[in-house]
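Could you have a look at this structure, given as structure tokens, before my questions?
For clarity, chains are labelled A, B, C and D in written order, and residue numbers in each chain start from 1.
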Amino acid sequence: MAEFLSLQNAVAKHIHDGDTVAMEGFTHLIPFAAGHEIIRQEKRDLTLIRMTPDLIYDQMIGAGCARKLIFSWGGNPGVGSLHRLRDAVEKGWPNRIEVVEHSHAAMACAYEAGASGLPLAILRGYIGSDLPKVNDQIRFIECPFSGERLAAVPSVRPDVTVIHAQRADRRGNVLVEGIVGVQKEAVLAARRSIVTVEEIVDDLGASVNACVLPAWAITAIALAPGGAKPSYALGYYDRDNAFYKAWDAIARDRQAFLAWLNDNVFTTRADQGAE
Amino acid sequence: MSLEFTASEMMSVTAARALRNDMICFVGIGLPSEAANLARLTHAPDVTLIYESGTLQTRPDVLPLSIGDGELCESALTTVSVPEMFRYWLQGGHVSVGFLGTAQIDRYANLNTTLIGDYRSPAVRLPGGGGAPEIATHAREVFITVKHSRRTFVNAVDFITTVGFGRDGKAREGVPNIGRGPSLVITDLCILKPDPDTRELVVTSLHPNVTREDVIEATGWDIRFATQLERTPAPSAEELEVLRDLKARSDAHHSSQP
Amino acid sequence: MAEFLSLQNAVAKHIHDGDTVAMEGFTHLIPFAAGHEIIRQEKRDLTLIRMTPDLIYDQMIGAGCARKLIFSWGGNPGVGSLHRLRDAVEKGWPNRIEVVEHSHAAMACAYEAGASGLPLAILRGYIGSDLPKVNDQIRFIECPFSGERLAAVPSVRPDVTVIHAQRADRRGNVLVEGIVGVQKEAVLAARRSIVTVEEIVDDLGASVNACVLPAWAITAIALAPGGAKPSYALGYYDRDNAFYKAWDAIARDRQAFLAWLNDNVFTTRADQGAE
Amino acid sequence: MSLEFTASEMMSVTAARALRNDMICFVGIGLPSEAANLARLTHAPDVTLIYESGTLQTRPDVLPLSIGDGELCESALTTVSVPEMFRYWLQGGHVSVGFLGTAQIDRYANLNTTLIGDYRSPAVRLPGGGGAPEIATHAREVFITVKHSRRTFVNAVDFITTVGFGRDGKAREGVPNIGRGPSLVITDLCILKPDPDTRELVVTSLHPNVTREDVIEATGWDIRFATQLERTPAPSAEELEVLRDLKARSDAHHSSQP
């Protein structure tokens, strides 16, 4: 049953060094405030799972939180590279990280299988791709009915999933709206979950088939207004595309990155919001 | 009549023309997105655009910077989860054309967006596959749009992220439930299509003011030209105006902070 | 691209003798008007797929349309037996029908796999049940990662799916709302689809993540107000529970059933609505 | 104080008492639904009820006749698709108790809702499995409520639709990711629980005014009784009043045409 905690307490209580952590949000509703709190609490040796690492994992990797990354597209969307990710992969700074790489289709199916309590996901995928040569987690099975060769990947089952959502009601039920990505699947696939929200309301105002996570499917909820910035929250604020562009120059240089981190994360408190 | 236009504009306009009104297009971010929306704003007002973020039948007023900008969701018919997008809509066989960009492409239209160099210690780490590996096999056909240079058009891609026709041109033969693969490559210099027999990419049309030598110079393999080599029509005034308006609108939108 | 047709023309054009037909709607939005039109057009040798055959298939089986039934729960919900189904299975009246029987979980997964373009569905299912002994379509595979034994069933891929929905817009996009069951999956899994709707409107009025089927995923749309009666359409009319109870007596007797069929289906036109 | 009540009421009240406020209950139609809603309207106001039609955390004012009445959807926190219900919520491990009815049950709590007689030419064709086969294995535990008679409590079920503990009581042993199975059977005569070692159902409590002989007479096998046999408390005035109101409300609702 969802417990209302401060973001600081939620991260301290539920994310531990060495954990496998999924922080989802497909461009929309990326949980930056939680990512910054993880950086501030200097969590280490995390296995980070995310379809699109985006700036949030670029920052966490640059800050030294990660030892492994499971992902399917690691760029700054519409801008270019994730320089902190590249620096870690290409030069081992601040530490070398192991990379396990999938396609989006496989990652999406792996989350879906995790939410479904299954050990594997089956898809028609990776045909002709070199990815199975470099990722031993990609296997193939034969369909017992058609004989067709299909790809199989292990399901995603994180220790903890972190997402950001528009709002929770006072009983701890959560509404996610707009581009819902794999957030529901990521929460249901995980042992524990932290949901940061823009606001806590009396009534979710959800339509009948809306994407609602019941309180009993969530571990902790933390109020974090603006907690998805510079990503966005439909109905609350727009994506800060200018910051995504500006990030390229910040992240390109180790010193500029460290200075940014100091000014914008380490000297900022969780309750001041992200960025 | 002679209009001024850049090679990039020529590429976008040509790529846009490839889309028909009745197509269901799974759109990659960047150049494909620019071309797809230009098509929608000119000759193909009802073309159906799908982005991997889950937005079905979207009609953005400005080009999205990311694959999941709010604009895409707000202008969509509906927005589904990402697992549903890949399972029901792409793998389910509803996409008529996948529209992709790439970092490297070879003569058999194999695409590399993973890395330059060796996988375990890459010289350059690229973003990776994203949706492309399955878009390329599930869509009924694939269009690719990319700037033409020796860095991009390489003799052999360092890594096949996304299959065109494989290292030997035969990767799709005998594979059940697979699309027919890349049918069109649009660059800033020319149009290429796979040879019906060998699947090797062949230049079928040169853009205005582009020579065979320009293409040869920009291609990392011994590029072939169709016997009936065409000349791509220049952009019309309307195409250029709509494209420039779209880009100006989008640049202004992405530079302003919310 | 969805074509607007009369219900009569839609059934005549898209449903043929011998077809495999799925008519879905989980208690809610059951396409009775379409079922009655199929009876009126005397379609024969259909393989009928439906999780819960309900009164609609009881009527179609009693009218002699079916040669095979694929299902997972064949009762009159809250009332008792489907007597026409039982008469066909137990006594071969009006003709013997073949029965292929699953659990709900397997059928739901099989529709989901069909919509996903896959030849099979994988689930953790049928453990300890005798159903695999009497249904050779239930197989088992071993997970290549965990070694766990999991059930596999062929995906559902009907020739044609028929559903009823609240409304379509003039471009042919359809909104389904409330208990959405497996309707989206059934339509996407099928080669052709017919959607009957309560009304055709300018604007669907759908919320951002509503269950909307785009016009290009549908074959034909037919206006059929009241087309789900005696089932119901959320926002339009309630379930006629009294009729569900009354059906028990009607269906229990062959002559009473034939009289009902004559009075309520054969002498009724499609555009007069169901029941 | 002595209240009048029927055996059916005794069964529903006893079944309702088994549910706790913090449980996530996957509810079968009929008797389980009556008991689950009685629990919600008495001692367990926050018990979470899930129906296989996709309605999560529903609070119907009248008992649904079918598993998917409009009332269930309109009073639910949210309604999901049926595939999602079975995949994410049931198989995903979120259900603490599955609450089932049955047509036949045997000493190892195996359930038959498929048919009487031979599968290929049945004497009586029953509705079939529905959600039960997977509810019984995915829920952390299973409650069963059913009227007690020799027709129902049989020595060996004709068909195992839904596993209890198998023909030998050992069907769950060594099976990964499986719930602990039936932990409680509530009839109109008594309460039964599986023996911790053999898994055979044992009568642990007799309802008021019921004798051992009544149970023996109504059971198709040589039924065992716990050494510490309890006496089930009679329904309270409040329980009876809430149950009767609920049933009257529901009957009136299902008899009126819309």
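One rule holds in what follows: contacts are C-beta pairs under 8 Å (C-beta built on N, C-alpha and C of every residue); 3 or more make two chains touch, one makes a residue touch a chain.
These figures come from a predicted structure and were not determined experimentally.
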**Message:** I need the common contact partners of chain A and chain B, sorted by label.
**Reply:** C
**Item:** Third chains touching both chain C and chain B
**Value:** A
**Request:** Identify the chain pair with more contacting C-beta pairs: C-D or A-D.
**Result:** C-D
**Asked** Using the average of all C-alpha atoms in each chain as its centre, how far is it in Å between chain C and chain D?
**Response** 28
**Message:** As a quick test, compute the distance in whole Å between the mean CA positions of chain A and chain C.
**Reply:** 39
**Message:** From the mean C-alpha coordinate of chain B to that of chain D, what's the distance rounded to whole Å?
**Reply:** 57
**Request:** Any chance you could list the residues of chain A touching two or more other chains?
**Result:** 112, 117-118, 123-124, 146, 148, 178, 180, 184-185, 208-211, 234
**Prompt:** By residue number and range, which residues of chain B touch two or more other chains?
**Reply:** 73-74, 79-80, 87, 91, 138, 177
**Arrangement of touching chains [line / ring / star / complete / other]** = other
**Asked** Can you name every chain pair that touches?
**Response** A-B, A-C, A-D, B-C, C-D
**Asked** For chain D, which residues count as touching chain C in their complex?
**Response** 29-30, 52-55, 64-70, 72-74, 79-83, 85-87, 90-91, 110, 114, 119, 121-134, 137-138, 159-163, 166, 171-172, 175-178, 253-258
**Item:** Parts of chain A lying in touch with chain C, wherever the complex brings them together
**Value:** 117-120, 122-124, 137, 139, 141, 143-146, 148, 150, 152, 154, 177-178, 180, 207-211, 234
**Fill in**
Listed in rising order, chain A residues that touch chain D in their complex are 1, 112, 115-118, 173, 184-185, 188, 206, 208-212, 214, 216-217
**Prompt:** Which of the residues in chain C end up touching chain D in this complex?
**Reply:** 26-28, 51-52, 71-75, 77-79, 81-82, 85-86, 89-90, 101-105, 108-109, 111-112, 123-131, 134, 146, 148, 178-182, 184-185, 211, 232, 234, 237-245
**Asked** What does chain B use to touch chain C in their complex?
**Response** 22, 24, 48, 56-57, 73-74, 77-80, 87-88, 91-94, 138, 177
